[in-house]
Structure formats: C-alpha cells, structure tokens
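Chain IDs A, B, C, D, E and F follow the sequence of writing; residue 1 opens each chain.
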C-alpha cells in the first residue's frame, strides 16, 4: 500500500472552492491532497497582435509558485528576472489544454487569461492547475453570458488532468504525491475530455524507459482518474448545455 | 459616513488565520476588509554575504500580488523580467519594519525570509503585510525555539501597521480601502510598536500638501488603529515573554 | 559639537550654480557640504501613454550616482542591468515631490523629465536632489515661457527638502552628512513648501524606534532648515509671480 | 499521396555526416529531408553544482535556430535577451532523452553538453536533434575512450526520435515536414531505444483531441520509423559493445 | 615560415559556397582556412522606425558563434541573456562595411538583414564574415531583381576584408589564424572596395604600439590580400553591371 | 573657415581640472570645446577572476553619458537594462588604450577602474575620455606611490587621443565638433603615445570610402593634434620619471 494508505488506482481527496477571490471573472481554489492551487480566469476584450482581425479568441495561461509552496524556499522568478524552463513548459501545456475544448470562434476577439498560482505544493501541480482552470474558465464564461458579452457557453466538453507513474516499489500508480513523483522511474501527465478523448499525453522516463504494455497500464489508470475528476467538476459547475463537440477538427 | 458605513476612526474587520500553509516555519493569511495577504516566514541557516562572520542575523522581505488580486489584471513581474519600483519600495519597508523589533544578535547567523503575497487587494496591502508578517515571524521563532535552534523569543515588542489619509469628502480617516486611497489627497502609512513608538512614518501628498495640524490628526488616528491591531495580534500569538525592549539604541 | 563644527540645527553650506550645462532647458549644480548633484530638467512635448488625451502634464524623475561618487566604487546600474530598490525609491520620491507644487493642468500635454546625477556623495543626496531639481524646473519653465510654449509660471509654491535624524551622540540633528547618517538611529527626510506645508515625511528607524516627542523635535528642525533653503532658492531663481497655491485639493 | 510523394509510413531521406566540425569531441550534421541540424557533443570535466560529490555525470542540452533557418527571419534569442518557452521545452526534452540511455555513474563527474543548432528547418527539428545528438554523443565517448578519460562505452542502448501526426487530409502520417506539421490536428513526438522501449511520448492536440485507437496507430507508425533510424545510426557509429541495458531501473 | 607553411603575404585557402541554405534570399558558406561562417542576407520590406518616410533603405548585421565553434565551449549569448561587447562591435562593423558600398536610396524602404553565424573558428571570423556577407548580399539583390522588387543592382563596388598583424616571430603577416592572432602585438582589420579605397581600418596594439612605417607595411599587405579576395568573389557572383560608384560622397 | 572660426588643423580649447571630485584616487574634469567629461580612476586591490595568480594588474574602463549631455534627452542605459553597442565599443577602446602604456606587471594584482562620464557632449567624447583618463590614471598612481602601495610610476609613456575626419565642405579637419562629426564622410579616431607611436587607429567611412592619400593626410593632422594635447598633459601632471618604454613587446 502507498504511504498515505491509498490503493494504486486511487486519487487523493479533491476539493474545488468556486468564487475563491472576488475580482476575477472566474476563480477557484483547487485542493488535491496537500496540493493547493488558486486558478483564476480573466476575460480581456482583445487578442494578442498575431491574432487580430480574425474574429477569433485566444486562451493563454501563466503558472507560478509562491516561494514557500515547497519544503525548501524557492527564489521568486521575478527576482531572478526570468521564468524557468519548467514554468514555461507548464504554462504552455495549460494553455493548449484549455484551447482544445473551447470554441475560440464562438467568443470573438477576446483573450482568456488563466492564472494558476500554487500556494502549497505536494506533486501534481500542473494537472491540478488544468483541472481547476477548466472550472474557473466555465465560471468566467457563465458570468460573460449573464453580462451578455458572449451568447452561449463556448465550451465543447469537460476537461481534466492527472498524473500516473511507474514506481519501483508500487508499480503503476495514479495521482502521484511529491514523494512518489520524485522517486518514480516514469512520470506521465494525461489530459482528457469528458468524452474520453486525449488532449495531451506527456510520458517521460528520467534515466529510465517503458514498454508498450506499461504504457497501456498507465493510460488505463489515468482514464479512470480523469473520469472521477470530471464527475466531480460536473457537481461544481452545475448543468450547462454543451455545444456539439467535434473531435480532431480544427 | 464612509461608503462601507465605517466611522472615520474605524478599522475594517481584521482576521488572521495562523498556520495557513504547511511548509513555511511561520504562515498566516491576514484579511483586512477585502484585502487578503498570505504572509510566510522562512528561517534559513545562513546570512547574505555582506553580513557573514558578524554572528548576527538578518530579515529580508519580498512582496508580490497575484495578477488578478486587483480589478484589472496586472502583468506578472516575472513575465516583465523586472520588479517594479512600487514593489521594491514595499519590500524594503516590510524588511526594515520587522528588523526594528527583532534582536538580530540573538538569532545568530540566520536569515528570516518574509514573503507577503497578496491574493486579493482592496487598499492597505503593505500595512496588512507588516501586521501579518509580524505574526508569521513570531510563529516561525516559536517553532525554532521548540526545535532548539534558537533559545528564546528574540522579538523585542509587538509591531503593526495601518494607513491613514486626508480625504476631500471625509477629512482624516483610518484604514483606507482602495476606493478611498485612490481619491485621497494625502496618504500616510504608519508602523508602530507595542509600546507606542514609531518605527516608520511615510506621509505623502500626491499633487497636494498637508499642515502640521493635519499631521497631528493623522498620527493620532493611526495610533488608535495600531493599538487595536496589536491587541488582536496578542490574541493570535498568545503570551510570550518579550525580552527587554530597547528604544532607539542599535 | 558635530565633527564638522556645526550646531545641531545648522545646515551645511549650500550653493546652487544655475545653467550648469548647456543642453537642458533647466540645469543646476547643487552643492550641499560635500554632496554635489547635477539636476537637469528637460521638457518633452508629450506625456506617457497612461496620461494621453487628458490635456494635462506629467513630471517624472530619474536619479543615479557616478560609480566613484562614493568612497568605495559602486557597480553601475547599467552594468548590472537593473535599477536598485534604493534608486527607484528615490526617483519616485523626487517625482512626487515636484508634482505636488506644479499645476499640471497648466502645462498641457508635456512631460518634465528631472535627472538628478550625483557626482559626489556625502549624505543627503535625495534631499539635495529635490532642492536642486525645484530650481532646475523653474528655470526650464522660464525658458518655456520665453519661447512661448507655456504662458505663465505653473509653479504653485517653492519646494525644498532636507534630512533630520536622531543620533546617539548628538540627539536631534539637521542635515546629516554621510558619517552622521550611517550612525544615526532614526533618519527622516522632509519635503516642505514655501508656505510651510508638508509634501512628504519619511521617517525610519533602522533597528530602532522613536517617540512622539522625538518626532516633534525632528519636524521642527526640518522646518527651520527648509525655510533657509527656500530663502536661498529665491535668491537664485529671482522673483516670479506664483499662481494662487491650493493646499490639499487635487 | 503526400505532397512530396511519400507514403504515410515513410520517413524522409536521412543523412548523418560525422565529424562535421573539428573542435567538438563529437560533431555531426544530420539532414532529414530539408531539415539540417548541427549536433555537437562536448565533454567537460566537471558537473553542475547541484551534482557535485556524487561521483556521477550529467548530460545537458541547448537548442537554437539560425535566424534564417526558417522561411521568415526570426529574431535571435540573444537579441531578445531571453530564451523562448519553445526553446526551453526542446532543450529539456533533448537532455532527458540522452540521459535515459547513458550510464551516468560510468562517466564520473563529467558533463556532456549537447548543442543542437538548426541551420535549416522544415519540421521535425527536435526529433532530428535527438537522433543526431545520440550519434554525436557516441562519437564523443569514443574519443574519450581513446584518450583514456573513460574506460568503456557508457551508452546502454541506441536512441532515436521521430514525429507522427493526424492530418485531416492524410490520416496518420510519419515524419511530418513543416507544411504537414502546421496543418495537422494532432502532433506527437516519440523517443525510443534500440530495444523498442519508450523514453518519451509527447502527444498534443492543438484545438483538437484524439482517441485510444488513433493513439495506437500513431505509436505503431513511430515505432516503425525509429527502427529504421536506429538501423541507419548503427551504420554510422559502427559496432561498439553496449553495456547491459536496464529498463526502468534508475 | 609560418606554422602552416604560408609566406607572410599569403592568404589561407578561401572557398565560398553559394546558395548554402534554401530559405534566405542570399546564402553562402565561406571557408577561410579552418574558419567557416554561414552568411545569410534577408530582405525585409520595411525599415527601422528611425528611418521611416525617407524613401531609403537600411542594412544591419548580426554575428554569433556556435558554442563549439571554438576549442573551448563558450556559453551561448541567449543563455547569458545579453550580447557581449565583442559581438556588438563586430556586428556594427559588418553593417557599416556593407552600407558603404550599397546605394541605399536605390533600394527604397527595405532592410537587408545580414546574419553571420560562425560554425567553426580559427581567427579572422569578422573579416571572413564581411567577405562572405558581401556575396550573400549580391545574391539577395539578384533574386530581388529577378522578382522585380528592385530594378537594378544597387551595389556600387566590390567589398572584402582581411586581417594583418605584427608578430614578434614573423614580422608583418597577412590573414592571421587564431594561433597567430592570439600572440600578435598588433592586430589590424582592413575593409576595402574593388577600387582600392578603404572603408574601415581598425588597428589595435594590445599592450603594444606601432610606428608609421609599420602601419604602411601592414596596409600594403592588407591591400594585396583584399585584391585577391575580390578576384575570387568576382568568380562566384559572376558579372553584373555596377552603378557608377562614388567615393566619399554620401 | 570652420563654423567656430578654427583652421582645419586646429584643436578646440582644452582644459583639464585635476582633483575634480574628492573620493576617487585620480579625478579630472576634461573640457574640449563644449565637450565635458568627468574621468575618474579607482585602484582596487584585486584583479578579475581570469587574471588571478599571475602577479599582474589590469585596467578596465566604463563610459556613460548623462541623459541630457546631448541636445535631445537619451534614455538611461540603466533604465533600458542594457548597455548599447556604442557604449561597449567605447569602453573597450578606452581600456585597451590605457593598458598599452601602463606596465601591468609593475602594479601587481590591482585593477584600475576608469570611469568616463560625459556631462556635456559636443563631439569627440571618446577621445576626450582617453586624454582625460590618462591624466586621472597618472594622478591615481601618484597617490598610490605616496601611500606606498606601488613603488614607482608604472606608466611607460604619455597617451592622448583626438579625432580627424574628411568633410565635404572643409576637407581634412582636426578635432571634430558634433555638427562636423555628423556631416563628415569619414571619421577617424587616433590614439598615440608621447613617442609618436600609434596605439589605435579606427577609421570609418559611413556610406563612404577613403584613399591612401586621404589616410596619410588624416594621420598627419591627428599626429599634430595629439602632440599638442600631450604637451598640455605634461603641464598638468608635472614631471615624473617614466620607466623605459618598450615598443610592441608585450
């Protein structure tokens, strides 16, 4: 059994607190085990220069950690004057994931800014960010619909993410905490939709490799976890009519 | 009467939640009206290069806002690649304020890192940061005493801060919210100790000036507010034996 | 008596050389004891983006030291690639101070750039900068009036600054040199107008505190010094008709 | 048929020119269709600070493009003063991939610097970089063995990478050129070893998603391509005795 | 005799490969001994802000080295986040040299971007860059003439560069390799036109000086070398009608 | 005749004020016509890392302009966060020039920092900087000899610099002011020693070229000017015994 008593295919307790702060159009605090991330979605009435004049929206994400989100204090990226490769990789991932389930044509020339700020970290901060950011984005669109600035929910399907990994002690496990993550041979982040389609698979062996069978086992675990996360998201955001989703058509 | 129904000499509701996150040695969430700041104190077992070999400690502070702490989203300072003048001014102020009430000789060659991260802003973020950071620092020292890494509480006296201002509609007012702050003629931040001594006074007329009588009125208001804040801090941190405090002797 | 023979309430010798360099609209070299600052005022025919279209002017300041203005050579901020917190704090102070006595509506969409470059430092560089920058600004406006680009002097009242402090050896003293400043318990910068109103008070106890009585004593000393500085400024800039000044109305 | 006449499961012509430049320990020019990358491997006799004293080596990678490697000229990252998120993501990927097949304990406290500089780009620059960097690394180790600074080949198995994708016109295709890549719904980079194990899978739907069946099809295509690439690498580097490779054990 | 067997007045073998990469309007690989530089010329249909509205073109250059162009690996300037003084000096030199032989009025509001990327260095990289960049620029203009975006060759005369130096062992020598360059007392870079006029002379004694006689000897050597280089350039770019060149008239 | 009434071979009035500021070991204000530069020389008791352990000294230079040294205000390089190519080129030139006349072995592991800060610019700031910096350096060494930290004057010969140019209206002229410099076809900076040897020649045709005869004329003018400058320097620094100078031997 895992050190916190979970089975290999068990998620940590998840909680999403909607309307966590007052200023953003959409705001949640997502808690996954000991990992806590504030996910805010802001809607701005313009798009970046490279997209102007196309009548289409954009979604972009930023990710950061408080210096003492971790056991050892980290130097702030604003003090260092540059954003690390790890941060850039994560914020690009969050942005891509959200863009895959939003009908960007339907929102007009607006930008959704996703801000994921980790206030406490215990593994899985990027996947918790995606799961929470999806809810914040839906809340922001609901407010925009109420205000009349968009006409109907532009979200095509639900979206959540989790991590899976191969661990020398436990084998294939779901939703790794920091302790597990830092000792795993293979680490994989999976982002999936409410219809069981993949949006992103990032599987990495740090000084290790994995076989096709192991891959299949990891994907199955991830799918199970994401289905549970999406069931929970549905309770939080309530019912809304999704437009017809379209798989791999741009 | 002020737009939130307060009298001129009334503080907004204040709440301090100790042990807000798990990793820092000292951690609080301070709420002052709608302003919310996470204040974390971390103790590191070394001092910056310019202080090495003196057998003495150091306290330094960093301050930041989440992008959507405010009504309009702000660009992250890590994305801009530099820290603004306003941020630097605030973090220098927090550091100086804390150093004035801690016996740096008593903690040996350790650095206390104060991180104040504003998750929701409605005026008075720098003074809330100081009031919260004082509590976080005391909590961090308590933990250090328990662990035996320092022998007794090195804090000389209590410390809190508030803002006062001259407002064309209300006259002299205590604890300005953002709406009041942005329309005030004169804005003053006051930091005081548990013994009613000043640590810092920063009074500023932006495109305006103030007389000696107005100054006296502002200082009296600030003193009243800080006494109330310190009474509240005492409830949170509980009783501890302060070393003999010494006024203006280094 | 102080090490340079002054009484506690005595300023150092002050000298302002107008038209120090030929290119700026207003240029002075101010000498306060051994502190020497070149203060240049440049008038530019546009305002920063955030102020456009309001028909109103702006004043902004920059401050720097030559590397060997001080006893030990300092690294240039251009070589470090960033401006220090201390520099930012000072240039924000100088800008605010000047803005408080200039009728920004009267100058139209123009920016006054104040450049204060310390060529020799011996304490009090920020207050000397303000005192000199005021004169440079008046000279620049005089030239603009001659050229017809503004119609009358937009300065509402005189402005000067000095420092005061509490020193373990001398008590309350006026106009601290570097030696005194670096050993003082409490350091206070005061900016006042020709009508005896405060524009800015910044009192700081570095690892020390001060009482209300001590504050009153410091303010009185500062007032005396600033009155003398303004008397001297009047000799330099000559007579000009001030518009009616207005206290704390924006 | 694809616009260059290839079948869906066909690689572009690949060529690796060993010893392309004279200074690096290992140097190749890899050509994949119209994509050309100089891959240099340098061996340095020390490790980064975080790894000192462990008796173990490190591999790190840097990736860049000449400004006119692409159809439109790109601004140099040195001129912009910062490295883009895309560049960071790629260099982190190359480093991880190489580390997974090298026995870092066997090389002692040495760092292998991999430099991948794209001189001409037509899609697949990151996978060509990995395939070429593997050969450059083996050449560098051969030279180190000749010089006696390491005793035997520390490479555990062969390593190559390619891209696969889902394209609205062609379906699942192998080794995408730029034209195909920029119009594909799903893009996946796969890194595999000589034993058919995965090192890295990065599958991404930009504004699209993919099913389990589509994933299986893509993985099969990628596997076929990588086997062909590894056959070609073996011709270039010649025979060398691989140490026993170990799958997912660190 | 010199260590590579050359006479003092002998160039190293020179080779220029035209159309080295496919995307730039003009592209060459120039090889001078062991020094290899990719020189690309890109034509952009606009000029920098300071030149707009003058109906005139501009030429600007960038220069970089691959990290392992040299015997010891150099840190990338993009990783350091700034461009070195040496790099800036070289790219300013290349830009000035090219501008001196191109009729900027004749090309209209276009910018020619010269990119010189050293892939292997053995001394003389800046002079090889100029010699190669001239050819790349002519090739780019030829393509622009074919496309009809400019009407006739705007190049006024040929242009090449070489280095000369005073060496304690050899005396005055032509075209220094790295070994000679790093031990020479005086190093001089000379840029000349097809008509034997100087464009640039940069003679430098690092911890040494030189007399008028020595200067004359160096200039004669340089002139001989540049005449040979220009003869070779003519073979590469073929015949084209030069407009009447004008000496020192702007 | 030139617009300020000078003959073509005439320098502008030159004045050097020694001991201009109190803190640097050597300090002068040099005035050449309307160009004014503060040149400070600081001696530090260590050398940069790349020179440690060789028992030899180093000289390095920094150059900057006040924002209003020029007719239009320039943005501070500290505000831009980077040093321009022009600045870097000038400070590298000043450093090299000084190093060529100082016996670096004789000063031991010390660094001389030369700071040249232009407070008013009217052409020729880099050559005025060199001429002034030489005097500041000699003054700094004199102080070091008095204090006993070096034993005798380590300067091998005098050093000064001036500019010459080809001007469409005047022909070859000496010591160009800004107006002349900005309209000259060819601009050349010459640095020479007290023995009439060249240290540096930088001749540049911006969109123009020059012949051997023109070069000879320019060099003769420069030589005349520098002889006059060195005669004046000798009056300022007084007599001192120069060590035997050595031409082009390192």
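The definition used in the following text is that a residue touches a chain if its C-beta (ideal position, glycine included) is under 8 Å from a C-beta of that chain, and two chains touch if they have at least 3 such contacts.
For clarity, every value in this text was computed on a predicted model and none was experimentally measured.
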item: Rotation in the CA alignment of subunit B with subunit E, degrees, nearest 5; value: 180
item: Pair exhibiting more inter-chain C-beta contacts, B-C or C-F; value: B-C
item: Where subunit D and subunit F are represented by their mean Cα positions, the distance between them in whole Å; value: 51
item: Chain centre separation in whole Å, for subunit E relative to subunit D (CA means); value: 34
item: Contacts with 2+ other chains: residues of subunit A; value: 81-83
item: Sequence of touching chains round the ring, subunit A onward through subunit B; value: A, B, C, F, E, D
item: Residue ranges of subunit C touching subunit B (in the complex, touch as defined); value: 82-86, 88-89, 91-92, 96, 99-101, 104, 166, 168, 185-186, 188, 193, 195-212, 214-215, 219, 247-250
item: Interfacial residue positions of subunit A with respect to subunit B in the complex; value: 21-24, 27, 34, 36, 38, 40, 42, 44, 62, 64, 66-71, 73, 76-83, 87, 113, 115, 117, 119-121
